[in-house]
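Please find one structure pasted underneath; my questions will follow.
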């Protein structure tokens, strides 16, 4: 706890809220109130709930904005207008879509496995949301600085294909099943290079904590090149980026849905709110993965401090700018390229990315052991 | 010498007469010798079977084959006259693969049976359709309705009372 | 390991079957063991309709066969009728006909490129294709009042003369297209993912392709130098300078590239026509005169729209954008054809598909199917 | 590893990305081409074949259009004291043969193209909806 007399090294969002309450001078009053009741833990629970609510709202708003941005990007690339009617330049289109999806009939196919079919979209959504917990949005803007943050992220993202498999299997549809099988095959072959390239970074940092990784990237070489790992590990960055796009299941690697082949892949049979959950999860995943890329390779929230603005806010802006740059690249790529075939993707994963990732790890280990950096 | 006459010289017994189909040489052949003639036509270099047309001429049924030779850049048409009550002819699928669908189509719409076709069933209309639409005596007044059965097969009936119909 | 084959019904309603077509696939995991094509969902009995309409009345129905490129359908039928009835066509009419057909070839190939790339997952190209197609459709609209179903070519000529300012607009279109095609090539042709998806996929060699009745660009992608415009020249094609585009790789990529080259050739033909368009009548006076250019309000010279060719039969074919489009027309000397048979390119090209895709995967089936460029209106008629 | 293409540098994809970037930045003639349909409309060509219109003074009700129509869209009905064609646009091909056949040049096709309706009956355009009077000064 940061109670004013001592500074902790890696503050998180909880500490930030406490600090803010302290600054306006109400924390001790509230704390005293709950201490009188002898239920100090309730205050902690309330603060944690507030953090979760803020995170949820933030993610949902981002997801809405992203779906609008994606459509607008598509439209601009294709010489179209895109959504224009709802709100200024169609900005409220995602809300209209959401209301529409809420009003849709919630269909469960007769021969589907009802429970798993209903469960799957929630599992997808929750597993994507959990990724945000160790993600540092800015200095001290982190839900929880886990000591094993990176491992946690990789472990949690491995849950997504399981839920996709659940959805595909429970739908009792051949397209869904094939989409699910593809998703699993794809994920298995891409989590490995993803983890190995991430470990190469960990070799430099010496910690799995995302905050430590970001802190390690602050500062400059020769006074002007930021100490981002993208400059230290360009190969690692490219591998990580490709693996992340595959992990997200976006074009050119969107086999789990691959509209033109498998109709809609694993969510062929979903409609209404359950479909919306998949949709939300997809964009939340895009945002989360872009955030991870930024955290690991693009210096996270680091950047020059501006006068008069608290660095918590500046760092959030830096983080968002970098994340949106990555998202922009993913969308731009989606606008341009066709889809790879599934066996070609697996070839790429097993025969090229994993050897290269191992090579990258070897180089990193060599550099660190030799003490070059 | 045009290809029809060439064919006539080669197979005088099978070719009944030689004529023209507006601007393409035409040979009328015996239906029993279809396969023999087809083999000869193929050997003459006619590697492309353009189209098979069945024509219902009320008293008889004619089948017209249009060929084209990629090597010699020549056209040839063959005409076979069939008995209308039981129109049957040998299939040429073994020689030209495209005949597979063309013969199925002719069977479907004109009702000519192609003996030796590997998979002679209707192609454009659902299996079980009543009548052959391109026959001159096809009953166009009777409406036919198609539903899909349990195993995905087409069920044709003339009774549409239990179907949802457009207003 | 014991495996079970999976029977997958792709279609009749599926995003990449370009209409209503069904593939019955016997799958071993992702690999296609056996592919059966089921057609007929769009059968409208056009051939029967042909027997029930007069020669002129049937022309609008031919528009509905291959609705992406309707002008060659019109022309092919009209050409058969003209050969049957011995109708002379003025030179200007022939020029206009070739102009609209070549324009339609470009339109068709633009849609082809767009839908192929859409099938492969790149959704941008279809919008670019449609953007340029729109300009061509506006040309058509100014020419004959319709954008897709033209009913423009008539026995004896064409329906209406070129409107004012058509040729300058056409030149503008040509110039625009010449700037756009490099864009497409940058976007697609060099794309490694695209090449990975297209190279050595759906291979069919020349002999099999001929035997399976493939025609048009799909056949020329298999290395057969066969273009009816060259082999059996009709209309004014002998006077025009163009070449039949051909590739010998026999795979999906070759079929795609042939069409891109054909677009360039068509633009070249259009340029020549724009330069050499002769003056004169646009329709043979005996067979009709369209009223928009005729006498103002008085009872005008009556179009003898109902004419009776002598009894006989004809099989006439042209090089439509998708391949050999033939019309067999038999006349018994009455006002209506005795029998109309349509040899549609899409129908015959589809025969070769199962052969192409055996042993490949679903995405390859879609790529190979996309490259043979099928329109279901043309398949089912 | 034979499937690896020679130019593994992905120059092709980069070229494609440049093309799409040019569209994003709208470099060259790459502006938005679509229109916001109900609010904005494209200009139609003068020859556009839309809904039919019959010149009230010129039409003699002869029925040539009726017999020319390939799809039996047209029926001649009595309207007031005279006979005029009635169009069942649900069946119309918009082929324009009736316009060509009209001996009095009374029939033309206007630019009306928003013809969708809720019932099939309302697609039958009787004389009250298609008749027009030619301007005298025209």
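By written order: A, B, C and D. Residues from 1 in each chain.
Here, contacts are C-beta pairs under 8 Å (C-beta built on N, C-alpha and C of every residue); 3 or more make two chains touch, one makes a residue touch a chain.
All figures in this text were calculated on a predicted structure; none of them were measured in a lab.
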Between the pairs A-C and A-D, the one where more C-beta pairs touch: A-C
Centrality ranking, top chain (CA atoms only): C
Computed distance of Cα centres, chain D from chain A, in Å: 49
Chain A-chain B separation of Cα centroids, rounded to whole Å: 62
Chain B and chain C, separation of their C-alpha mean positions in angstrom: 24
Where chain A touches two or more other chains at once, by residue number: 77-80, 335-337, 344
Two or more partner chains touched - positions in chain B: none
Set of chain D residues in contact with two or more other chains: 3, 13, 16, 19-20, 33
Partner chain A, residues of chain C touching it in the complex: 6, 8, 14-16, 30, 117-124, 127-128, 131, 187, 191, 193-194, 196-197, 361-364, 366
Chain D to chain C touching residues, read off their complex: 3, 5, 7-8, 10-13, 15-16, 18-20, 29, 33, 44-49, 58, 68-70, 93-97, 99-105, 109
Residues of chain C that touch chain B when the two form their complex: 9, 39-40, 43, 45, 47-48, 51, 83-84, 207-208, 210-213, 215, 224, 226, 231-232, 312-317, 324, 326, 328, 330, 338-339, 341, 343, 347-348, 350-352, 355, 380-381
Chain D contact footprint on chain C (complex, rising order): 53, 56-61, 63, 124, 131, 134, 138, 141-146, 149, 151, 159-160, 163, 176, 179, 183, 186-196, 288, 290-292, 294, 296-297, 299-300, 302-303, 305
Touching residues (chain side chain A, partner chain C) in the complex: 74, 77-80, 174, 178, 251-252, 254, 258-263, 335-344
